[in-house]
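In the two complexes that follow, chain A is the common piece, with chain B as its partner first and chain C second.
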Partner chain A sequence: MAYSDKVVDHYNNPRNVGTLDKSSEEVGTGLVGAPECGDVMRLQIRVNPETQVIEEAKFKTFGCGSAIASSSLATEWVKGKTVAEALEIRNTDIVKELALPPVKIHCSVLAEDAIRAAIGDWKKKNGVAETEAVAAH
Partner chain B sequence: MSNVTMNPEVPAGVTLPIYMDNHATSPMDPRVLEAMLPYFSGKFGNAASRNHSFGWEAEQAVEQAREQIARLIGATAKEIIFTSGATESNNLAIKGIAEMYRERGNHIITQVTEHKAVLDTCKRLEKYGYRVTYLPVKADGLIDLDDLRRAIDDKTILVTIMSANNEIGVLQPVAEIGKICHEKGVIFHTDAVQAVGKVPVDVQAMNIDVLSLTAHKIYGPKGVGALYVRRRNPRVQIAAQIDGGGHERGMRSGTLNVAGIVGLGKACAIAQEEMATEAEHLRAMRDHLRARMEAELDYVEVNGSWEHRLPGNLNMSFIYVEGESLLMGINDVAVSSGSACTSATLEPSYVLKALGLGDDVAHSSIRFGLGRFNTMAECDYVADKVIGIVKKLRELSPLYEMVKEGIDLSKIEWAAH
Partner chain C sequence: MSNCARCQQPMHDSPLICAACGAVQSVAGIDYFQVFGLKRAFALDTVAVEREFHRLSRRLHPDRFARGSETDRQNSLAATALLNDAWRVLRDPVERVEYLLKIEGHAVGEEHAGKGKSAEREPPPDLLEEVFDLNMQLEEIRMSQRMGESAEASTMTEIAAAGKRFEAMLGEVDAALQAEGAKWDAGDAATRAQAAKKMIELLDRRRYVRNLVRDVRAAVTAQALQQELYGGNFVAESL
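Right after this comes the complex of A and B.
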């Protein structure tokens, strides 16, 4: 399979690889996928409690090049956005940006799921209801 | 990122890309090409033309090839039927025997890690009323001979078990299988595509009745193969699957691919001459590759029996690293993976799953297929490259991090998708 230049770039130079302290109140962790399926993504965000801006994002991914690129891109995109803004990222945006072929669309879906899971975890920790986060936008 | 060697220096004498996928196909040996060339132009005759020198010349070349092939597997020239390759040989053998012996019975025995050319042929026969037993394999990839003995009943007409597996390179106990089949009066066919020319194969000593082989796995051309069909003790009959001019003793009609056949013959002759020394060379390279990976990486596993294995095969799982991403990082080395992402079906290798390995281990597997033209210097380059990429990808792998922290991955409730 031929990969797009952007996928190759993210694969060769993945952005924001790493781990945040998952016990921190400010950190939300999303772990999605399954080893049997061949891809697992962990996306973490550190949210400023005052502004609800995602100030830091980190990821680690077990998966193909497209899965690595999708999650790497997701960390780039959520950084600097508010939680509400980050929730507006759609997998189709990732597909477009990385020029993913049809067989790799599930990688982008997983990245969107990872963003939602990380935000969901942060909200749960901070007792933020869905509506409140939207209101803050 | 730590300081891992992402792009090791290319050693002297190594040209990129490196081909290390010799189970898929092998490069033509220049000696084979040389032998074939005259038969594309000057010596273009039809081997079936009985009344002029062009035909005689072609026929003579074909008969020489038949001898060369027969000699390599301990057969006689008359027992060799030419085909378009191993897929056709397997189809012809299984369907042809099933049809010919239908009166005697309708039961066929095979095993789960066969090539699709055998499995799908058997599946088709099931639609036509044949009964097929798919023997399981043990964790080492080999069948249990007691399972085979138990599976044979009075309706069994054929046992078809491969000699060497194309993914994990394990060698089935062919001689023992042949002995059991002959005791029970059941025909034994073996898909020996990966074994012929790599390890000794003797149809007499191993009681093989029908055997499939192909040229392109032994440094010959694509599009030509052969089927050995035993003529004595017992005489095996096969119903033709392609009708026409009655070539190949009526078993396979169609004008012979003379140039290809000459190439197959030459490839067999070279293999016969060089197999012993070549096997030593392959084994040394394979053992070196394995030793390097095991010395520098943790969580690596060899898939399939090490003892009963082709000298040129190394199938390893680099746990917690997904196979396709690994291949992407070694894109100047041609190998293949059992990962779902590299297959057309998006399913991980059914061969590795048959060994009882989890899908996650299958996703992490790489097959190194060493061949005649690989060198030790190439192996070192490949080892450097793989080790570097595996280390990098493990820094990216949440699974590796979790395992290092002592988390049991099997205890996690994964959201399968």
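Right after this comes the complex of A and C.
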């Protein structure tokens, strides 16, 4: 199976690889796994408490090229968005952007799950009600 | 069992070849278990199946049909390919489980991923944490190996111990898969449904563990190779 140019680009030059301070109040951490292939992905965000804008995003993924590219792209996309806006990101957007083949769609699902998990963690830390975001889906 | 497409005699053993007239049959609709004349089951007598594989390989071999009709030649090629696939999958205990679950209509494997994702499929968070942390350590080791340095001995000891623990975990998962398979083989529909669900969960868990065991082995092998090539760190420093 051939990877698209965009996947290869993200794989060779992943954006925002790294770690944020897990214990910080402003940081939300999402750790998710894909049971279908055993990939694991951690995505972290740092949210400005005043504006709720995600000012920084980092990821670390152990998995295939598509999983790395999906999470790399996810960090690019959430940066500069508010928490509410970031929750609008759909895995189908990632599939489209990276031209993922059907067998790799679950990599994009993993990235979406990671965004949600990170935001969920941040909300829990900061006592923001989860219900609103969940009800929207 | 059906009848032979050529001589109309009832078929015995493998549906791939007629015992009476030796005609190779069409492979359409034959699953890997039927290839060997077996009922669907998780338990398998691999010794007996291997013997049958060799017997059928000889009988179905395309060379034997080189001067046969076009149908015979085509059937022999297709039957040989199916036989090889069937043996390759059934001989491997994990591939066998995945295959049988699939033909029983369960969604297994990457091609079904991401559709029916539910909280049930999430692994226990502590397993995920541990897998992630060990992957971080493995990456550090790989990085120093890439720079031509040996990883810290203490890190390697830690990783090797974790590898052992995960290998043991793999063994436990495989034993549990076997136990659930036995329940399925002997059980009624309700038991089977429950055993299948358990097996799918076990397979999900197994993939994380399997990847980690594979990566730890690779790191340990690379380390051993490096020390053979360059000598250990402490040796280099003492020179």
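The working rule: the second predicted complex is superposed on the first by the 126 of 137 C-alpha atoms of A that agree within 3 Å, B and C clash if a C-alpha of one lies under 4 Å from a C-alpha of the other, contacts with A are read in each partner's own complex, and residues count from 1 in each chain.
We adopt the following convention: contacts are C-beta pairs under 8 Å (C-beta built on N, C-alpha and C of every residue); 3 or more make two chains touch, one makes a residue touch a chain.
Remember, predicted model here, so these are calculated numbers, not experimental data.
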Pick one for A:28: touches chain B only (first), chain C only (second), both, or neither.
-> neither
After lining up the shared chain so the two structures overlap, which partner does A:102 touch, if you call chain B first and chain C second: first, second, both or neither?
-> second
Counting only touches as set out at the top, which of chain B and chain C does A:11 meet: first, second, both, neither?
-> first
Looking at the overlay, does A:65 come into contact with chain B only (first), chain C only (second), both, or neither?
-> first
Superposition-derived comparison: chain B or chain C, residues of chain A touched | B
Who does A:40 touch here: chain B (first), chain C (second), both, or neither?
-> both
Chain A contact set shared between chain B and chain C covers 31-40, 42, 60, 62, 103, 106, 109-110, 113
In their complex, what parts of chain A are in touch with chain B?
-> 3, 8, 11, 14, 17, 19, 31-42, 60-65, 67-68, 103, 106, 109-110, 113
For chain B, which residues count as touching chain A in their complex?
-> 1, 320-322, 324-325, 328-329, 339-341, 346, 348, 358-360, 363, 395-401, 409, 414-417
Chain C residues within the chain A interface of the complex | 109-114, 117, 121-123, 125, 128-129, 131-132, 135-136, 139, 203-205, 207-212
Considering the complex alone, what residue numbers of chain A touch chain C?
-> 31-40, 42, 60, 62, 91, 102-103, 105-106, 108-110, 113
